[in-house]
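The two complexes that follow have chain A in common; it is paired with chain B in the first and with chain C in the second.
After this line comes the complex of A and B, so read on.
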């Protein structure tokens, strides 16, 4: 696989970038995420995480099933601060 | 704060059937989907479905969703929120959502997660060029919005999705240059493969994408052959003059909300990736959170529907509702699932799921 293939299109990270980071010692998904922002774009890991885990599996020799995916936190997609404010100041929908 | 008995996240076949059965047991149901219309994957399936008669085999996917939606609209205790994404499930049980730009909180007695699956992707040079799509995206463009994705397509993946979407492209008058698959065999059903082969589309197994090219948009791709160890064989490159590439290399369960909620998960290749442990009642390791459909393991609409009915009944029962002959109904649903999973592929799925149930039951009994 060519090194310049894109893994995370939101942060423009290539296979080569990911491999370099792994070689530097960032060997879990969360570490890679913190250093590179991978998995923090609109996709939230839905497309890129699987490619990253594959690279991690190749580099560490561990099965994907032994690797930890990143921590998932709410919200699953972007939400405007204004909408949260409106909700907390009472403008939310009631039943 | 919005209150309901049963919240159903996702309005695909699993979520629709869960809503029907929870409502029949007398629960107040809130059915939420991030799309503008309900039906999930069914909405874009213009082909006749396989499966068994009880799950509407030979009916087109889109018509199955109409049948289910009619049953939903007949029930007064089901409230539907379209264009609403569930954003988070928090420790205190509060669930947050964005509904047409408005942020809201929901408090429920029981939740059924039926969020389906998302498409896997591939890394190859220039995979970010416009013109490289997921097969599902192409289906949405074509079958829901009536837009042709381009003129000449390379389909990557010869599973059922790759084969069916290829056929639908041909029906729409789009040329399919080739279907390729890295595996040594065609993964999809032979009936689908024969149909596209008869239309003159070559299927190359043991082939993968070497690279895509183009500057502002996709102009072509080079594919090459793989040896038994999945390594490319030099000199086998083939150039294809295409303007669309469709990636159909499988789905993985869309489990993000289950991770957030703290459900115990396990990686299972045969089910598409990480899936939640669950018991026979479709309940996860977090009491009150149930699953149904592809989110619990990538399978088919037929089994998603049966799992939906089961999750709906069990969620209702767990909060004190019931229907007549409840145990017989549940047994019948289990039997249906068993029948659907009786073939060679089904056996693998059944074994995977049994393993998930065993792990959860062992964990539950050791904590007693």
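After this line comes the complex of A and C, so read on.
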């Protein structure tokens, strides 16, 4: 893959950025996420996680199935704070 | 893994990494940090990462001031190739009861006497700082410009990198299984990757500190409590300071890259080690925050998570050696404030371990204060 190909659209990281971080010793998805915000943006890892795992697999020699993709946390999709609040007080939600 | 160490520190959060850095800087040779997952994987990386000096006890004020002064120059001091992202947008702490307002007056007097330039504000002055603050039901506020936010992952990494350059042995994904005590004295640590002989062990295990205490036969007077937190999508800069309230039970801050982080405590939490996310928190948090900061109702929640507060009865940390086991040291019980105390923890613990005169009188924070009943309670905690 081209060094400048974007892996993380939310936090603007390229393949090269990810490879550099792996070379520095961040060899799990959890560690990469926390040091670079990859997977922390609006996509919550849906775009980038597989691409990152592929790079980790190449660098560590472990199969992708052996690598942990990080914790999937709620919610599945971004929700307005006002909508959660309305819902909790019995109102109808239109978001 | 090395076989023998001068000091073994249990816990790779801000405390453990800062203690290691300070010990090495003072010339200790073999310093080991053992972390069961990755650096900052526990309370450090899960916290709201707010930094404040506006406390209600003298020790908490002094510890936080010492730490905050360090953070101002930490990138240079630790020669970090990244950025710890220190934003000093201030903390605006609001009161909503007369009792709290009276406490604020005392807090500001105490803080000012210790060189912390906080001030008491009326509600009009508070709105000059946060124009969309809904002051209904509020009485007053305090503000201190030097409070703010730090990136907990980079800050921990900065300490860890500096410690490694000085020769630290940092073992991640390594778990302490037992601590060996012979004749009342520490002689070694057993891990799932091998054993290390040592006469000094530092318990910096955050939410798991009581389990480490059990390994040397101590029942520590601390318990862990889940605290939940959420983060929104990044938005344009709209909120300079952290907005916080003890009586309304909330804190809320926009971090430098635009996301807004907020959290609150829950008195109904069971005392266990769960760090799962719950729906009840979302309801209570969104109800509270959309009342105090109404425009946030249109910002989207991206993610919620949780971490552990390691609570002490007086909500001040426990620092120093213990009377019961020679060579066993505690840096625990931060009650939700261990990250912001990190630099002071590192310095004070290193001084204590080396038998030097400590920069602050941490004898007051010794474990035996609970036996003696000499407690000074911190009133200002979310």
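In this section, the second predicted complex is superposed on the first by the 91 of 95 C-alpha atoms of A that agree within 3 Å, B and C clash if a C-alpha of one lies under 4 Å from a C-alpha of the other, contacts with A are read in each partner's own complex, and residues count from 1 in each chain.
Everything that follows uses one rule, which is that a contact is a pair of C-beta atoms (placed from the backbone, for glycine too) under 8 Å apart; a residue touches a chain by one contact, two chains touch by 3 or more.
Treat the numbers as computed from the prediction; the structure is a model and nothing was measured.
S.K.: Going by the touch definition up top, name the partner, chain B or chain C, that contacts more of chain A.
M.R.: Of the two chains, more chain A residues are contacted by B.
S.K.: Which of the two partners, first being chain B and second being chain C, lies in contact with A:5: first, second, both, or neither?
M.R.: A:5: touches chain B, not chain C.
S.K.: Classify the contacts of A:84 with the two partner chains as first (chain B alone), second (chain C alone), both, or neither.
M.R.: both
S.K.: Is A:31 in contact with chain B, with chain C, with both, or with neither (first, second, both, neither)?
M.R.: Only chain C; A:31 stays clear of chain B.
S.K.: Is A:69 touching the first partner chain B, the second partner chain C, both, or neither of them?
M.R.: Touch status of A:69: first partner only.
S.K.: With the two complexes superposed on chain A, say which partner A:40 touches: chain B (first), chain C (second), both, or neither.
M.R.: So A:40 only meets chain C here.
S.K.: For chain A, which residues lie in the overlap of the chain B contacts and the chain C contacts?
M.R.: 44, 71, 73-75, 79-80, 84
S.K.: Can you list the chain A residues touching chain C in their complex?
M.R.: 28, 30-31, 34-35, 37, 40-42, 44, 71, 73-75, 78-82, 84-85, 88-89
S.K.: Once bound in the complex, which stretches of chain C touch chain A?
M.R.: Within the complex, chain C contacts chain A at residues 37-41, 45, 82, 153-154, 157, 231-234, 257, 277, 282-283, 286-287, 289-290, 296-305.
S.K.: Of all residues in chain A, which touch chain B in the complex?
M.R.: Of all residues in chain A, those touching chain B are 1-2, 4-7, 9, 15, 44-48, 50-51, 64-65, 69, 71-77, 79-80, 83-84, 86-87, 92-95.
S.K.: Across the complex, what residues on chain B touch chain A?
M.R.: The touching residues are 1-3, 85-90, 96, 98-99, 101-105, 118-121, 123-128, 210-211, 252, 254, 256-257, 259-260, 266-269, 273-274.
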